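Each remark here refers to the structure printed beneath this line.
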Amino acid sequence: MLEIKNLHVTVGGKEILKGLNLTINDGEVHAIMGPNGAGKSTLSYAICGKDGYEITEGSVTYKGKDFLDMNPDERAGEGLFLGFQYPVEIPGVSNMNFLRTALNSQRCYRGDKDMAAVDFLKLIRAKAKELDMDPEMLKRPVNVGFSGGEKKRNEMVQMAVLDPNLAVLDETDSGLDIDALKIVAEGINRLRASDKAILMITHYQRLLDYVVPDYVHILADGRIVKTGDKSLALALEEKGYVGLGITEAA
Amino acid sequence: MVKILHLENPEIGKRFEAVRSSLTGWDQAWLDQLRAEAMTRFETTGIPGPKVEEWKYTNLGFLANENFAISNKARQQTEIKTLFDRAHMENIDGPVVVFVNGHIYPALSSYPDGHGISFAVFSENCQAFHPSLANIEYSSALNDLNRAMVTDGYSLEIAPDVVLAKPIQVIHIVTSATDMKLLPVRSQIIAGKKSKARIIETFIGAEGERYWSHMVSEVTLAAKAELSLVQFQLQGKQAIHMTELHTKVAEKANFSHISLQLGSEISRTELLNSFNGEFANVDLRGAYLGRIKQSHDIFTRINHDLPNCNSNQLYRGVLDEGGKSAFQGKVVVARDAQKTNADQSNKNLLLSRKAEANAKPELLIYADDVKCSHGATVGELDSNQLFYLRSRGLDEAAAKGLLVEAFVSEVFDDLDDEILRDKFKEKAAGWLAQELPS
Amino acid sequence: MVATKEAQKTVEDVTGEYKYGFVTDIETEKAPKGLSEDVIRFISAKKDEPEWLLDWRLKAYAKWLTMEEPTWAMVEYPEIDFQDIYYYSAPKSADDGPKSLDEVDPELLRTYEKLGISLQEQEVLAGVAVDIVFDSVSVATTFRKKLKEAGIIFCSISEAAHDYPDLMKKYLGSVVPVADNFYSCLNSAVFTDGTFVYIPKGVRCPMELSTYFRINEANTGQFERTIIIADEGSYVSYLEGCTAPQRDENQLHAAVVELVTHDDAEIKYSTVQNWYPGDKEGKGGIYNFVTKRGACRGKNSKISWTQVETGSAVTWKYPSCLLIGDGSVGEFYSVAITNNYQQADTGTKMMHIGKNTSSTIISKGISAGKSQATYRGLVKVMAGAENARNFTQCDSLLIGDQCGAHTVPYIEIKNPTAQVEHEATTSKISDEQLFYCLQRGLEVEDSVALIVNGFCKDVMQHLPMEFAVEAQKLLGISLEGSVG
């Protein structure tokens, strides 16, 4: 589904990713872990095409298409979803209106008709219920006045409604208490399917207790330095980066 | 080096003399005399120049250089109907008053009537306007020019305890006739004790026409009256649009004004309020959207002479390529006006390199037990919000549109009339769709 | 409202009784009253000035004759008779030029001792060099030697005209042009003294430079001219403090301060202004019409104005920054406290011209008695000023119901990448706040002082230590430390 080859990314004149390779196939769940400043968030922004993340070398291919040629919204239309580490607050735009506009924009991109208002309402109510979100929150402006946990839950509701093929989740688990973590994990697990893929970027092993990855990668100094299965995350938890022979400047 | 504060244009006086005997109500001596006196005052004062502080951001130079003639009663019926349909909200099933080129247009009008409502039109009943024409308490150069040249207008008096079930729509249409330029119109509204009403005024004009629409309104609210005045400004892109609104608000009365400035090359909205009684509330809000040579100027002055009154001002501006704006809000709290609450909020969004926003939110406070604040910001769209929306699949234009709409929606989100709210949204969205790059 | 009355009294204690109200009796040499070309020639001759400077003055005078006094500020005062003012007066002993403190008129030294700014003491005290202006002529300069070693020029403006004509020609009037405004133009014609500072490339001035101004002679206008230049990568902190003896006649003061920073340089300019504000009936007091402006010409340079304005009957003052160099920074921190019949119209102008320029404005106005305090400020972002940032906060505190507090901000933005925020509030000391303090055992005066101090804290913390103490005294906040 996603193939990243020799990716070099520069931010503000500084090279953050230095030749990263990563292949994600249909149905797989990958987790990327790494010390602070390794380039984890940079990877997620580069995949999604944020301004200011300059690709100096390498390629990102999604379902055989060159991702780097596309705008962020075109990539979303192709089925990419980014769960933000810090979801953005947008005063004045209601959650409902926002999601409906987003969904219909994506449908339009794919050549589908707009979803009827009634169907949309049913869909969003159902998804909110699944993820235990108070329907009142759908009427509130996007993320404004939401707690950290509510914001992350809101990201999961959006993901459920938009139903992407590839979800990149940037520290979706950070700042959550155990109950919220379980809900988020459930949101992710619901998305798992043979034709979908998930890339989780996380600091801690604990999310992986609930969402078991097929592969665990360790990102350090702009490259993937180690790849393994779930046990790698456990080893990391036990021994730390240094214990695994990875230093900050590896 | 004496600064030249006022401009002159002797042509205006000459033109007045030339048309004096054909102006509305020319055969009534009192009116002719009041017109002549007003013209003398206007000529003595002169046209405020750019060095006059109040006119810092709107240049009246056009008045010194261009000669505006009084309009004729043009009758291009198809065009009138087209413009009328764009302005008229037919799902609001209430009275409609239509002026075309500054003259009442009875064919499309259905005057407000019924118990406790006195309605008059200037060209049909000049006498009803005597108070507003004779009272020079509200004196300014442009008000005097309006007094001298006024072609038409309306007067509405609502008796105590009368509640208008339906809003009154007033539609000012300017057609593409070449023989008319100046449209001086007046209105006076008196809301009786505990009465309640809403007036929706729409200004709409043909594209490609240079004309100057000037409206003076005098509004009085008796105790506990509630009046809402809503204005849509959809003038043609070369028009000059000015309104001067004087309000007097009595004890426990509520006055609210919401405006949307979309059209015209130059617009100037003056809102001048004084309180007549305590515990009264005034709420002024508006959105102005400008681009290509457009300039919008909101000028407010709220005099808190009495204690325990509240005033709130909320203005949002969006300026695109070549657009310019000014918000000049002044709150004056007199010595005895304790427990005054006054707030001013002005935020501006610049969408283009060649856009300009000016703000001068002024607070002059002479009482100590008051809560007064103001805030003003200017900035561009937040790039993080933009990226967030685009990562969810909205293209650039849609994302910008949504953010701009959210930005201005604060102005009309609290409106209690859904039809009006939708109208604001529709008009604002129309501007955005037209203007934002796709 | 007992509390408010007592609050007023506290403010009177702070600002009302002018404890520096005494007159020093020194023979002075004056130019004839009034202003004419002859008087200007007299001043110039007295100063033994070069020809070009006299010409410059005369041109300014010719220009001034065509100008009108500005009327837009919210201040009212009787018309000034500019022909009823002495434009030059100097202590006689200054003609010989005292070489050291020993040569300074002992009467003068005693005056300073009464004010608590003994020179001898200051020479010993850590790091303060003082260039004292008594009326219009420098009488003593200390620490000059030490500064000279660092290559720093710190001298009177008259000396600079003699000794550094090239620098003077280059910078005089370069930030505040002769015809900038009525008062700056008057100053250009008749300025009698002031300070000239030049910090060479890469030098960090080893001490705070400080000048105490005093107005002493009745009917004498003070027309200081100060120029400070910080060359590439240099830094200087300059302190200006003022106290003036009590007089009945109003005294006019129209100073001009010009600051220039080159690449990566920084000037920090702090003022405590405590001139005679007039008596309780509004009689007397200084008219203070000052033009202060800094030009951040170099990249990443910075100019920071901090002022505590407690004195003067009428203040008209807008320390401003021209942010020309890319990445330059302008700051304005102000406390203005007015009482009795004082009037202050003060604020700043931040002109964003270069890219990535930023400015901060924090203004705190406190009005008591029958006084009027106005904040008037302009934030302007020119079309080429990419990514300009401004944050403005102006708060007013009213004590008593006979005073006024006004806020007149102008915001003019011509670049979409600008982010400009302005916030203002007006409030009084709340009964709840006061009660809370009283309940915790504070006396009313101390409570008010505490609250006022808290209100001003954002500004006061920007003052250099040397000044903070004096400023705190002026605001009556001596208890701050003990109350916490």
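Annotations
To keep things simple, chains are lettered A, B and C as they appear, and every chain counts its residues starting from 1.
Just so we're on the same page, a contact is a pair of C-beta atoms (placed from the backbone, for glycine too) under 8 Å apart; a residue touches a chain by one contact, two chains touch by 3 or more.
Everything numeric here is computed off the predicted structure, so don't read it as measured data.
The chain with its C-alpha centre at the largest distance from the centre of chain A is C. For the criterion of most C-beta pairs in contact, the winning chain pair is B-C.
Chain centres here are Cα means. That of chain A falls 56 Å from that of chain C.
Put simply, the C-alpha centre of chain B and that of chain C have 44 angstrom between them. If you average the Cα atoms of chain A and of chain B, the two centres end up 49 Å apart.
Considering their complex, residues 382-385, 387-396, 398-399, 402-403, 405-407, 409-410, 413 of chain B touch chain A.
Considering their complex, residues 4, 66-68, 72, 74, 381, 383, 396, 398-428 of chain C touch chain B. Looking at the complex, you find that chain A touches chain B at residues 48, 50-51, 71-73, 75-77, 81-82, 84, 87-93, 97-99, 101-103, 105-106, 109, 141, 158, 162.
Per the touch definition, chain B reaches chain C in the complex via residues 1-3, 53, 335, 338, 348, 350-380.
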